[in-house]
Structure formats: C-alpha cells, structure tokens
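Structure below; questions to follow.
Lettered A, B, C, D and E in written order, each chain numbered from 1.
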Amino acid sequence: MTNSITDLAGSKCIFIIGSNAAESHPIIMGEIYKAMDAGGVVIVVDPRRTAVAENAHIHLAIEPGTDIPLLAGMMRHIMDEGLYNAEFIEERVEGFEEFRKFVEGWTVEEASRQCGIEPSMIRRVAEIYAKADESAVVYCMGITQHVCGSDNVIALCDLTMLCGHVGTEHSGLYPLRGQNNVQGACDMGALPNVYPAYQPVADPDIRAKFEEAWGRPLSDKPGLTVVEMVRSAGSKIRGLFIMAENPALSEPDVNHVVESLRKFDFLVVQDIFMSETARFADLVLPGSSFAEKDGTFTNTERRFQLVRKAVDPPGSAKDDFSILCLLGNALGLNFNYESPADVMSEINRLAPPYGGITYDRLERQGLQWPCPNEEHPGTRFLHQGRFTRGKGLFVVPNHVAPKELPDEDYPWYLSTGRMFAHYHTGTLTRRAKQLDREVSRPYGEINSEDAAKLGVGEGGAIRVTSRRGSIVVDAKITDRVRKGSIFIPFHFAEARANILTNPALDPRSKTPEYKVCAVRVEKGES
Amino acid sequence: MAVEVSNNHKQQKATERTPRILVFACKWCGLIGADGAGRKREPLPPNFRVIPVECVGSVEPDAVIRAFADGMDGVIVMGCHLGGCRFNDANHAAFKRLELLRALLEGVGIGRDRLLVTFGTAHEGHQFTDVLRNFTNLIAKKESLDTSWTSSRARMI
Amino acid sequence: MKTQQAMIDQAKSLLKKLLEDGEATAVFGLARGMGGVTAPRIFTMPDELDSLVLEPKWPLAKPAMEILRTAPGGYRLAVVCRGCDERALVELIKRNQVDADALVMVGVACSGEQASICLCDRPYPSKLDIGEAAHGVDPFDDPGVKYLLEGDTHTRMGRWERVLKRCVKCYGCRNSCPICVCDPCKLEGEPWVRRGIIPTEILSFHLIRAFHLADTCVACGACQEACPAGIPLVTLQHAMRRALREGFEYEAGLDVNEKTPVLFDFIQAPEKDRPIPDWINTLRD
Amino acid sequence: MKNITVFLCTCFDEINRVVDYERLCSHLSDDPRVAAVTVSRGLCVSGGAGEIGASVKSGDGRVLIAACSPLARGDQVMRDLERAGVPAFRRHLVDLREGCAWIHGNNPAAATEKALDLLNMGLTALEYKEPSADVTLKIADEVLVIGAGPAGMAAATALARCGVDVRVLERGAQPGGMLGLVSRSYPDNTDPSEKIAAFRDLAASDPRITFHSKVKIISARGYAGNFTVRFTAEGEELQAHAGAVIIATGGRVFPPKGYYRYGEVREVVSQIELEARFRKGPVKKENAVFIQCVGARCEERPYCSTICCPASIKNAMRIMDENENARVWILHRDIMMPGTTLEAYYKKAMERGVRFIRYAESDPPRILGDEAVETVEVRDDITGDRRTIPADLVVLSTPLIAGTDAEAIGDLFGIQRDSYGFFREIYPLHPVETRIDGVYICGSARWPVSSEQAMVQGEAAAMKAAALVGRQTIRASEFSRVPGAKFGHARVNEDTCSGCGNCAAVCSFDAIRLQRRSGEGEFRMVSRVIKVRCKACGNCLSVCPNGSMQMPEMNTKALYGMVGKAFS
Amino acid sequence: MDCRFVRTTCPFCGTGCGMLLKVVDGRVVDTLPDRESVVGRGHLCIKGWSAHEFVHHPDRLTHPLVKKGDSFERISWEEAISLAAEKFRGIAEQYGNDAIGGFSSAKCTNEENYLFQKLIRAGFQNNNVDHCARL
C-alpha cells in the first residue's frame, strides 16, 4: 500500500473497486467507517452487493471483468471536464500526451455499454473522485484475479496520477494484501525474478553482491512461477519443495494440479497439518504455527511486526526456521544462524530498504519500510514529492475480456472469493470450533429469482458444472448476487471451487482468472 | 445497474398490506378471549396469527425479537391478571421481562408500543376484538417496519 | 488529584503486601513490558510488581474470571479493578461464575477525563483503595447518545439501522463482555440468528445480545471498544439501564446480595402504586 | 420425514363454508411432512378419535387435528386421542373455526390464507415436539404435621382416624399452641385444655400418631411423596421420611409495645396476659376497659384477625361473672362478630350490660394516670362527645401476626409468604395447597383464624394430604395446575448450561436446583429440574441465556418455527 | 498455575492486527486483542478471536513422515534431512540444477522466506522460487 491503514480514516473519497473489505479485511473496514463518519464519500464497484456496498453511499454493480472500460470512461469524463491535476502531471508524470490519445479513444457512452453502468453515474463518480481534495483507491483480488489483472492495476495507477491523488497523507493506492505475510514473502524475494527488496535477478552487479554474500554462483535466468512449475511437473521440474502451501486446493483447475503433483520425482511438503497437497508428498516435514516461532510478518501497509513464540511445537515438530537451517547445512550452505534476529541482520545488510529494521526497534509498533538505517523512523506513505523512478509514467492499459464468458452450455457467471468466517484453504479456520459453527458446509450464493426457476429452496443442493469439473454445494438464496451469476467461496475442500475455475493467466503477473468463468447450475441431488 | 444507497433511512411508505400482528395467548386466559370473539362471530381483520402458549412465562423475549426480525409489525402478549395465574406468579415475571424489552425496542427505534403486554381474565373475552382493532390502527399509523434489517422473508441482504 | 506515579506506588506497596502475607497467590494487573508497551500480566513474585502500571484502561474482569475458572483449588487472585471491573465481577459472582472468596478486589479510581470518555456515571469502585473518586458523567448528556436515543421513533430507527448495519460479525462484543459466559451462545446459529451472512441481521443479533445483558450490563464499554465498526453498543444498554433505574430502582453490579428485579420478588396481588394495565387502558397510556 | 396425518374437520360444513378446503388439501398433500390428509364432517361426534388413534399409534406417526377451539370440542377430541393411545407430543390441535372461519367470514380468501398459515404453524410445532420423560414416584405413607396447635391437632386426629401414619413435630413442650394460652374458648365457654388433653391421650394411645416435642427442624429436602426432614426433638437428632407435610405452625399475638402506654402504666395488659390471670384465678375488677384494634387495621397490618372482638366480649362477660357490679366498656372501631352464634353472643353481652363505645382511628382513647391506670378518656365517634371513664384495668386487643419461625419454615420447604409473613396459598381456588406439591398449610400460619376455623382448615389439609399419601405411586405429570395431565416439564442440556442460576431464581415453583459440577477444582454449577414440581410455565427457558433449558413439548425449534411460519 | 500473555501478530489476513495469546501451563488457551497495537487498536475479526484454536489441534503433524507405498511412516529428523538433501542433489545431477523448484509461503515469517529463497538460489543455482502471492 502507498499509505497506511489509519490514513484511510481521513480520506474525503474512498473508491473501493474489487474488494469485499467487510469480509476479508474487517478491521480496515473499520477505518473506512471512520472516514464515512468524518464526511467521506464511499463508492463501491463490485458486481455483488457486498456488505461494503450495503454501507456505502454509491454502489456500481458492474458486469464482471469490465473494470478498465469503467475507469476509461471516468478518465475520459475527467479529461473532458478538465478535472485532472494538470500541474501535478506537468511536474511529476511523463507520457501524458500518448495516454491522452488512449483516453480519447474511449467515450463515456461506450464505457457504459461495456460495463453496464449508466453514463450519468459514471460521470458523477468520476467527479466525486476527482474533486475531493484527498481520494483513496482501495482494491483487492476483484481487480487482480483477471486475465487483464495487471492492466486493471495500471488503469488504477493512471487514474490516481491523473487526479494527483498520490503522495499525500490521505490519498494513494490501497492494494489490500490477502495474507498475513504475502507482502513479506514478496519483499524477501520469494519471487522467480527478484532478490530481496525487489532487486532484479538479471542485474549483474546485484547478482554479484549476492554471490559474494552467499559464497555460491547464482543463475541470472528468472525462474518459473507456481503455475508453470506445476504444469512442468515431471518435465522441466523433477524435485519440488513446498513450504506451508496447499496448491491442491488454491490453484485453479485443481484436477490437473492433483495429477501434476503425482508426476514429481521427489516432492517435499513442510506444513503443520496433513493438507490435501501433503498427501501427495514423498516426504512430509512437521513445521510450526505462528504461536510456536519468533520472527516478523509484514502487513499490507509495509509494517514489519514481531511474532513471538508462545509455546513449543507439538511432538518432535520443529519451527520452520530450524528446518531450513538443517536443510541448508545438509546442502553444504552455511546456515548456522542462532536465531531469526541473525537472519534479519543479514537482510539489513543485503536489502537497503530494510536496513534499519532491527528486533528491538520493532518492539513497540513495528516499522514500515523503506527504513534504510537505524535512525530512520520508517515511512508512513510513499511517493511524497517524487516517485521511486523519478517521474511517474502513464502506461496504456489494454482491456482483455474474460477468457471464458457465459454461453449456451454454461450460461452462468462464476466468481470465487473469500467469506468472513474462513481463511483460504480452511486448513486452519475449519479446525476452529467457533468458525466451523458459523459456516461448516460449502455453499453458493444465487439470486432468489434464479433459485425459484431452479426450484431450489434455501440450503437445497445445487450442482455447479464447468468445462473442468463439477461440484455440489448448498444454495444460499440472496438478492446480493446478480441474476445469472453465482458466488462460491473457496475455503471448502469437500467441494473445491477451484475444480471449476479457469486456469487462464494474466500474461505479466501469471495470476489466474478466479473472478470470472462460465458454469452451468442445476438442482443437485441432496 | 447502479443503486444510490441514500444513507438517511429509506422513506418507505407503509405498503398496502395491513400490519402483520402476532399474538401470544396463554391457554388459560388469552385464548379464552380469542375463543370468545370467535363464538360471537365478530368480523376481525385477518392480519393476525395466534400462537397458544401454556403460560405467558414461556414467551421468550428472544422469540418476540425473532418475530420482529421475521417481519412482524406488532406483537401482543396476552396473559392472566396478576394474581390470577395458575402458575403462581409466572405472569408477573413475564410482565417485568417484556417491560424491559419494550424499553430496548423504544431505544432502538422500533417503538415501545409495537409490543403490547396485556392481562385479562377469561370473562373479558369481549375485549379481545377491541384490543386487536385498536392495536392494528395504532400500528397502521406508524411507518412500516419493512426495513433492510428484516431477514429472509422480508428482504434478504 | 493524586499524581499518577503516586497512585502506582501506592498500588505496588499494597499489592506487594498482599503477596507477601499470602493474602493472594497472584496479582492480575497491567504491566509495562519491553518497548514500553503495556499488557495484562499475572504477577506471582512481589518484585515483578515493579513493572505494574494503571493506565491505559484495560478491562480485566473477563480475563480474571477465566483465569479463576481454570485455577487450581485454593488459588486466590488479587485483581486491580476499576469501577466497571468491580461491578462486572460482582455480577459474575451473582451468577456463580466466580468464587467470591478466590477473588481479592483492589479498587482503583478512574480519572475524570476517563469518565468522560466512557460516559461513566460512577467512575470508582465501591471499595476504593487507590486514588480519589472523580464525579461521574451522565451518559444522557452526551450528544452521541442523545442523537441515537431521542427524537421520534422513525428517525431513530433509521439512525440505528445505518449504524448497526456496519457490523462485520466479529463477535468481539460478545467475546469481550465480562457477563457473556455461555458456550455455545445463542447468537451463533438458528433459530435465533441467521448464520454466515454479513452484515448480520440487526433485529436478531444485536437485539438478542443487548437484551441478554438487560439487567446485568455494568456499562463498562468493553463491547464498544472491541467493535471494529465503532458501533455505539453501550448506548443500547443505556436505554435499558434507564428503564431499570426508573422502572425497577435497580442498577447492576452494585451489591452482591441485591437481587435483579427481572428474576426476583414477583407478586401475586397488584402493586399499590402502579395499577396493572388491563386490556384496554394499556393502549391509552 | 413423512409421518404426520392431518384430519380436517368441516364441523358439519360450518368451516368449509368460509375456508376453501380443496386448496388446503392440495397444499397439504405436497407438504413433505404430511403423509395423509382426511376431511371429516365431525371429529368430535362419530367417535372418530378412536380410529384416528388406532391408525396412528404405530411408529412415530403424528396427528394434526384442524377443527374448533380447544374450549369448544377441540379438547374433547384431544382427550379421546389420549385415551386412544396417542401421547401428547404426537398430537396437535389447530383452531380453524373460532380462530379463523367464524371471525373472517366476510373475507374468505384471507381466511383461507390464514388457515394455510395456521396449518403450517401446526405442522412445524408437531414436527419438533418431543416428549418430556415422565417418571413414576413411590409415595411414602407417612404425613408430617409441623405444629400442634388447634390446626395441627385436628389434622393429626383426622389423618389417624382414616388410617394414615402421622408424625407431629411441636416446637413447644406441650401440644395446644395458642389454644394453650386461652383460659376458656368462646362461644361455648368450655376449657380448651380438655381438648388438648384429649389429643395428648389420643397421641399416646393411637399407634399411628407419634408426637415429638421441643422440636427444631434442621433441614428439609425432597419433593411430593418423598420428603426427608431432619430435626432435633428433646435434643435427640431424628430423621423423618414423609409423603406429605402439613404446616400448622400458627401465628403469634402482636405485642402491644408502644400502644396506649402499655408497659409504662400498671394494669394496662394485653389480652394474653388477661387470659393468663384468668387461668390463675378470678379477676376482681370494678371498671374494666377493653380497647380493640390495637395496632390492627392500620398501615402496617391492614387486616382484621376476626378473633379479638369475640375474645374481648367473652372476657368482658367473664369479668362481670366474677364481680356482678363490675362495669365493662369495649372501645372499638367496629365489632366483628361474624356468624349466627357470635351474633347471638354479642347480643347476650349487650344484655349483660357491656357498654360499647366506637372511637375513630384518627382520635384514639388516651390512658390517664401516672402509676397505675385511673381513667380512660375517649371521644365517642357516634355522639361526638368526649367522655372520661374510670378504669382499674385496660385490656388491649392486638391482632395475630406471623409466627417467629415462619420465615425459617418457609425457606426450608420453599413456600412463599405474603408481605405480612403468612404462608401464601398457590391459587385462590386451592386454599390449603402451596406452590410446592405435597406441602399444605392450615390455621393461623396461613391467615389469622379462630381455633375452630383452624381445626376446619387442619382437617381440610389432612384430607388433601391423605389423598396424596393414600396412593402407592404417582406419575410426575399428574401434579398438574391445569385440568388433565401436565403440559410437560423442563429439561436441561447439562453440557451447555453455564450454571448462572437465572432459571433457579425465576422458577415460581422452586423446581430447579443448582448443583456444583463434579470434577476436581470445578467451581461451576449446573441446574437440575425437579420433575414433580415443574409445572411447565416456561419462565426458566425465557431467562436461560443460551437455550440450555428447554420445554420438550414447546422447544425452541417449535416456538421459533411457528413464529417464522406465521406469515409465510 | 503458570499463566502469561504473549504479544504477537495475527496469522490470517494482511491487516496484521496485534493480539495477545494467553498461555496457561504451556498451552495457548485464548486470544485477546492487543489494545496497544497500532494496527487493530484492540479490535479483532471473527478469525482473529479464534486464532488459538488450531494450535493444539490433534491433527497437527508431529513427526517427519516418508511415503511408503501409499501410506506414511515416521522417520527421524536426521534421516529426513539427509534423504531430502541426497534426493534433491541426485535430481540436480541427473536433470541439471533447473529441475529443482520451491514454493515458499505467505504464512511463514520474513526470515523463513529469506532462508527459503537463499536455499533454492544458493543451493541449486536456479531461481525457481515462488509463492502463492499470485492468487
């Protein structure tokens, strides 16, 4: 996130697109409520009438996968009315002229035709966003999990720069990261193309620095992503080491994933439960939960926060840090760290933006990177005065319609996502008594009129079939889902939503298109 | 389609249906009133349903709350006179509880007079019709309760 | 007003004495830990008490109850209690959730400023050991409470709907309320509350929760402070506490032997001063 | 699952004139819970209940009767079904006549709509009804009588006479109670000590009566038919196991401290002191003045004990017997001499020359004299003039109040007391019964009465106790406060009960006990329902915070189901 | 009875609320919000309040397991580590360094992620390391 969570409370306009914050990030929703109390206007763009939409001022229920047309329409109106921040663009952004040509290619009416929102509403929302003195854009998986996911984000950046709503205290872009340390994992370089702190693998002097530090030659060729590695099981990739992940449930088109997992010559899974993925492993190593280890998580606002060990792991399980040290030493690397704090000091040296992050400084409130040295107080919001690359750059987002749209055989839209009571693959939360009591069975939300047509009552069984597989879930009849679309949470192993999902990837980010695919829904046998 | 969710309460006029009223009648007093009205074939508006209970004491306050959640516009609880209850002082316990519930309903804006707790012995059967008519008119004058809060049957959020 | 430091020292000496002469097996209070951050802590040795602090406000009643519940026989816990903690523990003793003689309450007064934050009308425990009693604040003077509890019912309903609709069903209100001890709890399922939907059904979830605390809520504000959506939950309770005070002359948590009117002294004959509403004139009043 | 058969009664085409029965039948037939629907012209007439019962008895078959109001013929059909073997939880009545057809005659469409809803509610209730486990109790064959005053003695003799073992516990050394204090009883002027002596001999001779004196009760536990009372008699600790308990602990005379300078001036005595003097010997007085309603019919004790006026008149005439030229005044606010015999007694007193003066409550008589009483100054409320009467004796008539140990006895047996401390009967139409089955009250312990009245009540309580003790066994559902068997009794789900005690506090029948949970260091409690005492009033389940307390016949699912289906 | 409160961060969503784990005699029994945490400020969501419930769940893996046929058998840590190292080194020799890959995790700490990518990159001279940030 460019700014901090508590900054949201001061924003005069919050533009939430593709994020069900009330269910996925309830505490951040609390800040949005504070903004509403302070007079901020909240606009929600989501095909579903989520709890956020229910509490917002304006809810735009767009057609699934048509975010760029809406944003283009808004930007066109902002340009026509001259509401854009010319002085900000002049001083701090490049490529405006070429971007203007792209925007002029769009009209509000065309945008409205594609995304299903009346032109007047597009104009009104654009004005509110542009005119407010500090506007924030909040987005989540609803934006990124499309074939044009990265283009959606680019369009949002363009909108933000167009109106100059970045680099101040209560403006900026708020990607709500889904997991407790997904930000940290990216920061620490668990990505095929970058070392820690996003230092590119291809850059020779960076590589030299790491080779010198780690005492081993390093490859300059970016590696494969998760989806590519799974697809090339038994061919390019023979040995796989999975730590605390459950691709057998979280990857799209999960039937193929399960077959691929069998094709590895040697698969090691390190986890705390026997997850669906661990069952296919040749070697299972018992890791430890957050309560049994010391270390740091980085949350969505770039804040390093301490995690302290409360109890010992069960049986002879070890904490993940020690397992990795054992494996490292077994491979001849020098992994003799006494404690995670040692590792942090090595990170301080090798990753400049995290130079000043030490354990005793994290004690009180954690630190937000970039924090280059021990005196630096951490950065509350980014891009103040200048962008990291100097001047910002307008990039033209090219809109790609969802790969698999409804047709005669599969007339329904399917969207998968999170619900408030469970977390991701459910390995942790479905074992909690209170959460299992809240929701314990897989369900699909369908519109009341569709349910009537199907002759299905509340809780009745419905069979949902896509080109890749079929599952049976309970029907949850509600008017918050549009007619002809169904929403299924993916937390339930016994009816894996990801059996249905389409493995089409965004070319850049390789993120699968979880939010849109075509399915058929019939009355199932209970 | 875009929906403007205006944040001050949606001004929904009382729909044409007469207000829905649920009556918890204790078998030994309240029901006799209802039976008396029936015997006299008094024409009554059909917008009420009677749930016979053994004693007013078994009317759970949570059931009254659930009734409002399921779209009722008014609830009447009919028990025996204080001192005349076959179950010793069970009706006074119910009276105190529901009095407190009325304070909560008043606080949250549903209004204290949507829950009517009355005591009448068998011979006052003829008053059943008057109570019902007065209560229906009183509730009909008020705004419909059919807000976005109510659950599955009224409108699913 | 005694300075903060003086109060802390007085508390330390008093609690050390309790530990030394075996009055209490352990002390439960707030401690300043590494990096100057305060968190609740159980002190078993007198010298650990050096890290004791009294600010900021941390409702200790519920954790104290749960500690006592799992404590072995003969375990006596001295708890540093503000006014609301003491009243909450009194209500818990009344409901057989805490063994009265396994509990030693050390009363601490709240500052006037804290009282105005919590809208507390009695910012001091009945047994006051540390600090002087500040005068309380009448919650009904607060504009926020007035906004939600006055005016005609229809606008009030709209205001409550807009506020209560923000609920993200985190159960924080129930989990942090010292009086809520049931497991399982009615709020978790049918037929009382519809499961698995956000925002919750306001009429069932919030009213059932509020009504269960009708005659036991001590207005400590723990629910409101634990609510991520910032819903003014205590205001709901103020409506009923006023009814209890005016209708039944009763306030929760003041005295262990005082019986709640909802469960006791029922009468057979009509009360002298309040005629029993018969069928018709109920509609007139 | 499909196990409900529905019987729609048209009441000889009275109901289906308004309600469209075809629509009802079609709607019911495609309801998943309904196995069969039959329409009959008159369920209450053709003995239909019998075959209905037969067809349904097997398995978990349940019957929904849609007919008229329970007060009309509905209950009769229900009782026929009971006799035909269909237990309470497998049958349900829906009132379509008084509840629907007759009051919505002018709007048939809405009436049918309502009928559908009522049937739906009935089906839901029937679907979730469960039986509350009935239990059969053995009845101990002994009756315990506490207090050997006139009421206690009468009860004991009556019980012994009809062959029931009685154990009498008397706090004092001798039986007799307040009767023992009286020199002669009115109106027959006989010496009550003979009655007491007669009882003492009977107690000694009759093997069925065991008499204990100087009793102090330690504890009382159990329920109807199975009471266990531990007490000390003459210092020795004993235990009695009884089927019923009759409480005849009587009352106490209100000491007139602070009234009319009593205790300050000599010769101002209370009625009891006068009786004591009579017992010792003749009382020679010239001018005796009786003052009535001393501390009675006032703010604190706004009642009349009905025994002071007759007692004063009796003693007045006694004084005149022992000294012909004695003059006696009775200063009263009203003379209460109910009944023919007492009215005649009152006339006789007037003829004997007892003077009656009425005084107003606001202007009571004043006692004059410093050492001993000399004169009494009174304003005659009728004539209005103020008179001074010479007096060498003033007798103050005070009311009866609750006994000293009434509170203890009340708490021991769990019976309630009214605001004056007298034991409260359960319901005006059951005068000697209390909220605890098997515990009966009589005599002045219940309300101030004369000794004769006390005996009547004693015998009444004895008959009630004998009726209970006479049976070997009894089912818990027979202890009912309503005609026919009890609706059921509450049931606790012990693993979810948090032991908060709300139910035990609110129960109007003291039918719920809190017991400490077993297990080491476990502090929490769990509540237990005494099936005999529970009357299914439902207060406990309304105050139970998490629904652990349930009434099987109208459990949460049934009640909330009906609420949910009301306007579906 | 030893009872203490340990300040930590919530293991679920990216907000990173501060929480207190209540530890009694070596077992985590309860979760309380940390009122001093700059994120969360004394608030938790429904998952946060139940963060402690899975820690002592009986299904937790307690010993290293090796696949025999289609069931698992317990082996010691030494055997497990050496088996993994030897197997991976064998694959690297047979099919080249690029044949090894690794999925790190957004559930693990920064330090563990750093070590994981260092293990793959330094150990096998390839960059096949990724995690599920993409979904």
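Criterion: a residue touches a chain if its C-beta (ideal position, glycine included) is under 8 Å from a C-beta of that chain, and two chains touch if they have at least 3 such contacts.
Just so you know, these numbers come straight off a predicted model, no measurement behind them.
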Note the shortest touch-path length, in steps, from chain A to chain D.
2
So which chain ends up closest to the centre of the protein, judged by Cα positions averaged per chain?
C
Could you quickly compare A-E and B-C and let me know which has more C-beta contacts?
A-E
Nearest whole angstrom, what separates the Cα centre of chain B from the Cα centre of chain D?
33
Using Cα averages as centroids, what's the distance between chain B and chain E in whole Å?
55
Need the CA-centroid distance for the pair chain A / chain B, whole Å please.
49
Would you mind pulling out the distance in Å between where the CA atoms of chain C average out and where those of chain E do?
38
Find every residue in chain D that makes contact with two or more other chains and list them.
506, 508, 543, 556, 560, 564
Using the touch definition from the top, which residues of chain E touch two or more other chains?
7, 43-46, 49
Flagged in chain B as touching 2+ other chains are 7, 61, 66, 88-89, 93, 97, 148, 152, 157
Give every residue of chain E touching chain A within the complex, in rising order.
6-18, 21, 23, 26-28, 37-40, 43-47, 49-57, 59-67, 72, 77, 80-85, 87-89, 91-92, 94-95, 97-123, 125-135
Of all residues in chain A, those that touch chain C in their complex:
22-23, 26-27, 29-30, 33-34, 37, 50-51, 54-55, 360, 363-364, 419-421, 434, 437-439, 443, 476, 478
Per the touch rule above, chain C residues touching chain E in the complex are 33, 37-42, 56, 58, 63, 66-67, 70-72, 75, 168-172, 175-176, 225-228
Quick check on the complex: what are the chain B residues that touch chain C?
7-10, 33, 61-62, 65-66, 68-69, 78, 81-83, 88-89, 92-93, 96-97, 99-111, 116-120, 124, 127-128, 130-131, 134-135, 138, 142-143, 147-152, 157
Which of the residues in chain D come into contact with chain C in the complex?
418, 424, 496, 498-502, 505-506, 508, 514, 520-521, 523-525, 543, 545-547, 556-557, 560-561, 564
